[in-house]
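Below you'll find the structure, written out as structure tokens, and then a few comments.
Note that the chains take the letters A, B, C and D in the order they are written out, and that residue 1 is the start of every chain.
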Amino acid sequence: MIIDTQLASLLTAGALIVIGIFAAVFLDNLIKKVIGLAFIGDGANLFLIAMGYKPGGIVYIYLPGMARDFFAQNAAYPLPFALVLTSIVIGASTMAVMLGIIMVLYKKRGSLKASEILGE
Amino acid sequence: MNLLIPLMVIVPIICALFLNLLHKKDRTIKAIAIILALTLPLLPILASYGIHYFGGYAPLAQNPTLSTGLPSLITGTVLNTFHPAITYAFQDAQKLFIFILGLVAFLAILVSLFETKRPSGVYGFMMFMGVASVIALLLTDDIFNFYVFFEIMALATVGIVLVSGVKGNYETALKYMILGSITSPLLLLGIALLLGVTGNVNITDIIASLKIGVVDPKNPVLLMACGLIVFGWLYGSGLPPFHTIKSAIYSKALPHGAALLQAFSVFTLIALGIIILRIFSYLPFSQMIILGVSLLAMILGITMALLQTDLKRMIGFLAVGELGYIGIGLGLGTAYGITAGLFQAINEVVITAFLFIGFGVIYYQTGESDIRKLGGMMVKTPLVALLVLLAGFAMAGVPPLNAFQSKLMLIQASIQAGLPELGVIMILLSIVTFMTFMKAFHAVYMRPKPADLEIKNEKIPRATILSLIVFLVVCLIFGLFPQLATGFLQAISSNLAGGMP
Amino acid sequence: MNLYDLIVKRIKEAQKADSDGLVTNVSTSSMLTAEITLISSLLVALIMLRLVSNVLMIVAVLVVLFAAILAMPLMPRLKRELNDSLFNMTFYVVLALAIVIVLFYWGSLNV
Amino acid sequence: MIEYILMFIVIVGSILALMQRDLLKAAIITGIPGAALAFLYQYLLAPDVALTQAIVGSAIVPVFIALAVYKTRRVED
């Protein structure tokens, strides 16, 4: 392969963020907007994960019988992964709140168009 | 270990959860809520300075029992000084900030308990939750922990707006959330870049690794991280281009909610601004950006405030405009300037809360906030009118009230830093601020009362008057004895101005 | 027709798009104040360019002064531009993101 | 090799989800990039994150969106 896995993941993350921002700005349907916003969060998470990745490394779980030096030199960096766990949950809960507001707004206004509901 | 430091965050969270368990018994629950809210300003006074390590231990260099027997691969390198825990630092500046936040929160909750007549429920929950997260923002030394509480604060803000019942609150909340969902992942991205370059999320460790040369400070990835974090800072504090949505958020909340929300954004501005200055002060460009954005916030916020017809929106824009003064103090980068900026932040929190709750009396009595439909309230509430007038004087910077001292300090600092133009602009905009305030004051209080204006609630709760008087006393104390506040701020600002070599 | 009437006329024309009630004395004077504040504070802020270069400062001040005079009722336009519609808000947010990133990347490497 | 295919699926799936006119379909297709991301996390040496993402990204998020679609309207206009 021409580019390595880490760089490719970073590029994928960037692409996800760009797709998400595009959707959030230009799509008019509110549900589509929310889907796009979820992609922005996914992109940021993938970025963090790719930061912690170590080419040719092993999973950061210390199994019995593993040599300590081998583990220390080859394990991936676990800190970003611990952060992503929190971030995924935050993203999901934010999205749930947004969808809830959208449902209420639909009941009040009878439309899902951002240009109608969220205009002036 | 100092036990009270984690309690400052834990107590409001417990309050939020506990108050929701109790139902029905209005009177007792009100008393319990007041007592619990009273702990918010009391805890920082009682706590002594210190550092708390959440779920971990002190750095190995300070921890001889742990470090014995470890290989030199760990103890001999920079790892020895890293913080392996989520660190909360409580110093003198934090003491003042958290005390003021606790005071504003206590008074806002007190007023809300008497004005909304529903002592428990989502509103109180969201207020306590937001206060807890902002206290954590001020205390934390861990940038990812900062992000988590930043998100919780955004959700709490949305919650406060959602339960207000003001017309159009759902739309505004959804707009705020959409903009937030674009911005917060980008802030997270900035943190990720910082983590990728330095391998750390603890701010002290990031600075240390930049200082001793583990990481090249001119790394382009770091510049990108700084840009993204600055962008998150704009969102969190409501500087342009977020000034429209932030002022809309204030105007769609109930007045006591808005008083609390503006405290949230001011303290977010301080907390993240201090982080940016600590990490990136070696880039002169970061200070220039802070100055430029603050100038834009001042000009746009105050000129837009002049054009508004909604009372709460007007104060919201004024609050955004006043944020610019704080930003200028931070952006000047001198010790005196940073002290002045932080002092102005404290004054602004108090004064804007004062104004929101003071004008909130009008909203409580009439249910109307359009200044074209208001008038003649001076006859009904002369005492409140006097207090609101004093609040307006304080915001414009009339001696002997507090903003006079901080604005004077800011102007002196800008002259010392060689930028007297900033001082000129600040004076000019102060005058316009006062004019905006007088326009609202005239329309609400001094004009003859329109015929179709009906008064729903005749009686003003005594708690509201009490909290207004407390705000006035705080304004007077800081105005007459500014060294009471600046004494707390000297250490952090000389630290920040020292910056990186 | 004196100057005040002229100003009121201009403001009425500019406000025709958003028919947000009638043009009163108070709204005219506040519009006027906002206009003058905006232009004067921008001009004073531009003087800070002297730290970069004196010539640039003079040129910038003159250009902005003439542009502001030519486009005179700035404030109604600004108010219409910075309205509460989500599309405008997201547009300015993305624009600001681009500006911040470009400035940081280019500015720090070249200044 | 497989990770490059997963990345491709993530990007194509996200674009496809945004291109649907039927919102229920869009909600279900949102699960595809979510699941692919979970597998990708596994390849990037993060099994615990992969578990969380598998549940949140491929089940909870699409179900939330589908519920919202049921409560509102199905076809974008």
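The working rule: a contact is a pair of C-beta atoms (placed from the backbone, for glycine too) under 8 Å apart; a residue touches a chain by one contact, two chains touch by 3 or more.
These numbers were taken from a predicted model, which means no experiment stands behind them.
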item	value
Contact-richer chain pair (by C-beta pairs counted) among A-D and A-B	A-D
Rounded Å distance, subunit A centre to subunit D centre (Cα mean)	11
Averaged-CA centre spacing for the pair subunit B and subunit A, given as whole angstrom	28
Distance between the centres, which are taken as Cα means, of subunit D and subunit B, whole angstrom	37
Contacts with 2+ other chains: residues of subunit C	83-84, 86, 90, 94
Per-residue overlap in subunit A, given as positions that touch at least 2 other chains	20-21, 24, 95, 102, 118
Contacts with 2+ other chains: residues of subunit B	175, 178, 182, 186
Touching pairs among all chains present in the structure	A-B, A-C, A-D, B-C
Subunit C - residues contacting subunit A, complex	83-87, 90-91, 94
Partner subunit A, residues of subunit B touching it in the complex	73, 144, 147-148, 151, 154-155, 158, 162, 170-171, 173-175, 177-178, 180-182, 185-186, 188-189, 192, 195-196, 199, 201
Subunit A-touching residues of subunit D, taken from the complex the two chains share	1, 3-4, 7, 10-11, 14-15, 17-18, 23, 26-27, 30, 33-34, 37, 40-41, 43-49, 52-53, 56-57, 60-61, 64-65, 67-69, 71-73, 76-77
Subunit A residues touching subunit C - in the complex, by the definition given at the top	21, 24-25, 114-115, 118-120
Interface residues, subunit A side, partner subunit D - complex	1, 5, 8-9, 12, 15-16, 19-20, 23, 27, 29, 31-32, 34-36, 38-39, 42, 45-46, 49-50, 52-54, 57-61, 76, 81, 84-85, 88-89, 92, 95-96, 99, 102-103, 106, 112-113
